[in-house]
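Quick one: the structure is below, questions incoming.
Naming follows writing order (A, B, C and D), and every chain is counted from residue 1.
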Amino acid sequence: MGKDVFEVTINCIKLIVVFLMMVQAVPILVWLERRGSAFIQNRFGPNRVGPLGLVQLLADAVKFLFKEEFFPENGTKFLYYAAPVVALVPATLAYCAIPLGHPLQYGEYLFRLQGFDVNVGIVYVLGVSGLAAYAILLAGFGSGNKYSLLGALRASAQIISYELALGLSIVGIILLYGTFNLNEMVAMQQGPLSFSFRGHEILVSWLPNWGIFYQPLGFVLFFASIFAESNRLPFDLAEGEAELVAGFHVEYGGFKMLLFFIGEYGHMMVGSGLLATFYMGGYGIPYITNQALWQTFMDWTQDGQLAHILVSAATFAMFSFKLALCLWFFVQVRWTLPRFRYDQLMDLGWKTMLPWALFNVIATALFIFVAHG
Amino acid sequence: MPQLIPATINSGLPLAGVLFLATFVLLFGSFLLFLASKLGTRKYDPVKYQSYECGIPAQEKKDTKISVKFYLTAILFIVFDIEIIFMYPWARTFKEFIDSGNGLYILASMGFFLFVFIFGLFWEVKSKALEWD
Amino acid sequence: MYNLNWFSQIGLQHYLLLSSALFICGMAGVLLRKNAIVILMSIELMLNAVNISFVAFSHYQSKLEGQIMVFFVMTIAAAEAAVGLAIMVSIFKRFREVNIRFFERLKG
Amino acid sequence: MISDAILFWILAFLSLSAGLTVVMIANPIYSALALVMTMVSVAGLFVTLGAYFLAGVQLIVYAGAVMVLFVMVLMLFDLKNEVYAFTQGLLTNVVKLGCLGLLAGLLAGTLVLSSYQSQEIQDKVVAAADQTKALGQLLFTQYLFGFEVLGILLLIVAIGAVALSRSRGGTHHV
């Protein structure tokens, strides 16, 4: 955690701040989703409360606080109340492992712009977010309702099915970078596209050195998988309204519902953050290495400390921009594609994406073998 | 010449931070639920507390028929998940093996494993274990 | 001999003590419980306890072989759970029962 | 290191209390959830021992896959609460006593034995810097055969599970 009391305190505060950043992004995302859908469907959307309706979600949150407490009589009390709280944990723990910006050196202290630096970053994120199935299962069983149970089963079967394609597309990433650490991956994606092929150095100066150009198929598979993992349309079979009413959260309302929402949007943010880190250079600014960026700021300000701060700020802004772009895709896709049928969903996961992910692994391994040999 | 510090200093896994954050999040969620339960109004009505059943009175919950496909999916998931986990250390050390001149060896060892993996997947598809209806 | 130092200096013996305690927990579960699924879970608990001691030995003797063994144990445990649960499901589907006392009647 | 000691005691408390809950509690669903808790804290113990990759695998395989299957199966069975979780009778009491005796013996043995050896072993703690790489290299050279055999074992499990789910469940009628 750190060497002395000051550093430990800063690290604890930083963890809470990252968590709160994730929580406060949810109202903005919901607003974006509602306004965006209204824009796509030629409506207005929420526009009364505050400028552009921005305060609408704050008003909703306050309303949620005063909703009536409610417990279905067939339910199991402990599981029913534990589920929404548990739903928060996996997304938060995973999100805190994603690097949000270049580490900041301040005097003798080093502050990371990320919750914690894990040297087995990918494995940790996968392991922690795998726990998300429990919140769904607890909610489904704790409500004591057939629809909830069926929705929970569907959701967890869907999540675990797409975890396979997700895990396999990450094998391609590990082959490419040769590390589990997310920071090292970002460091390898700096500058313009360049790689060595059988001893020849090849430089493509008009493209950034991003993973998406090495792993285009892996990118598509990963992108589709994170939609399924976060139960978003076109994969939101868990809450097919026509068949299951609302899936595993039929019996939930008020603030408990909001906690589930925060968990779901948290998963979206984890998925988008990983997508940006693996395939789009993470917090790195395209075409420029971080060292060159620092040099530019150094020449400009003539102050090493200020340049460090500026590098961190610029990379953080870059990461936020990439994250927002990915999140907008989630919204855009929701209002573009129709929902799958359940057998189509399972077929897509097991019979289409899994073989293609296997093909991606084999092709990547062969390419690296040829290029290095 | 001054340098920008490198982005990575291998620091293991800060377990204390993870535990702290998990505890904080659990307390945060419980506190909000507690607050909501204190602030909310309460009016008792027996119908309100029945299970939601699209308007008709809830029936007995006995003998809910659940498709065996769900277990089968979960079991097959376990099997394939472990095979994928085995590929992680392989992918991690792949470049080192190539650099030490053992590229063909590591490729062949994973080739056999992948052959078994693909054979299993092919068999599952062929035996219609993955069909949903 | 064992003063406050014993609590602040964590060594191999702490992990071994914990491992043996967890192992006995699991063993008691296997021997005493009636529900067959709980028995399967207790076996998983025992395997986990063994894994702790494997990793502890590997750490304190700076040999990685212990970790490889844990890898293999985990795989076999998962395989065992998968097959065991598949058997449980097919028994439950037919007889609506997971009590091990009931299985005595399955002799053929 | 006092902070390591604190972490160890927290995790030991969590895993032991959860492990006891698995065995003691009558409702199998709570039993399974307690086992999830045990798995997660065992993953934490692996981290304190420097086995980061194994901790991740423990989370993914045990907590994320095997226990999900257990919880799913239990929720679908929807068993009624067992009043008597344990078997009854003389034999049970003998087994209980035997467990206690074995526990006492193991604890005493560990204490006595490790007080002899702990000094010499503790000096050469492995450097945790790049264990994952070394682990991979060891797995794919010295233990390659076991690795390939496990692949075949997993194939057999997959086929067996499908066959079991198709079976009608025995030839006799109740």
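A few points about this structure:
Everything below uses one rule, namely that a contact is a pair of C-beta atoms (placed from the backbone, for glycine too) under 8 Å apart; a residue touches a chain by one contact, two chains touch by 3 or more.
Note that this is a predicted model, so its numbers are computed, not measured.
If each chain is reduced to the average of its C-alpha atoms, the one that sits nearest the average of all protein C-alpha atoms is B. Of the two chain pairs examined here, A-B and B-C, the one linked by more C-beta pairs in contact is A-B.
Taking each chain's centre as the average of its CA atoms, subunit A and subunit C sit 34 Å apart.
Each chain gets a centre from the mean of its Cα atoms; for subunit A and subunit B, those two points are 14 Å apart. Remark: subunit B and subunit C have CA centroids separated by 22 Å (rounded to whole angstrom). A separation of 4 Å divides the Cα centre of subunit C from that of subunit D.
Chain contacts: subunit A has residues 1, 118-120, 123-124, 149, 153, 160, 163, 180 touching two or more partner chains.
Chain contacts: subunit B has residues 10, 12-13, 16, 61, 64, 66, 68, 70-71, 74-75, 77-82, 85-86, 88, 92, 96, 117, 124 touching two or more partner chains. Within subunit D, contacts with two or more other chains are made by residues 3, 48, 50, 52-53, 55, 57-58, 60-61, 64-66, 68-69, 72-73, 76, 132, 135, 139, 150, 154, 157, 161, 165.
If you draw each protein chain as a dot and join the dots that touch, the picture is not a line, a loop, a star, or fully joined; it has some other shape. Chains touching one another, given as pairs, are A-B, A-D, B-C, B-D, C-D. Partner subunit C is touched in their complex by these residues of subunit D: 2, 4-5, 8-9, 12, 15-16, 19-20, 22-23, 28, 31-32, 35, 38-39, 42, 45-46, 48-51, 54, 57-58, 61-62, 65-66, 69-70, 73-74, 77, 79, 82, 84-87, 92, 95-96, 99, 102-103, 106-107, 110-111, 114-115, 117-118, 121-122, 124-126, 131, 134-135, 138-139, 143, 146, 150, 153-154, 157, 160-161, 164-165, 167-172, 174. Listed in rising order, the residues of subunit C touching subunit D in the complex are 1, 7-18, 20-29, 31-35, 37-38, 40-42, 44-45, 48, 51-52, 55-56, 58-65, 67-68, 70-72, 74-79, 81-83, 85-95, 98, 101, 106, 108.
Taken in their complex, subunit C has these residues touching subunit B: 74-75, 78-79, 81-82, 85-86, 89, 93. Taken together, the subunit D residues at the contact with subunit B in this complex read 3, 7, 10, 44, 47-48, 50, 52-53, 55, 57, 60-61, 64-66, 68-69, 72-73, 76, 78, 128-130, 132-133, 135-137, 139-140, 144, 147-148, 150-152, 154-155, 157-159, 161-162, 165. Remark: subunit A residues 1, 11-12, 15-16, 19, 64-74, 81, 84-86, 88-89, 92-93, 96, 99, 102-103, 105, 110, 115-120, 123-124, 143-147, 149-150, 153, 157, 160-161, 163-164, 167-168, 171, 174-175, 178-181, 183-184, 186-187, 245, 250-251, 254-256, 259, 290-291, 294, 298, 304, 308, 311, 342-343, 346-347, 350-351, 354-355, 358, 361-362, 365-366, 368-369, 372-373 touch subunit B in the complex.
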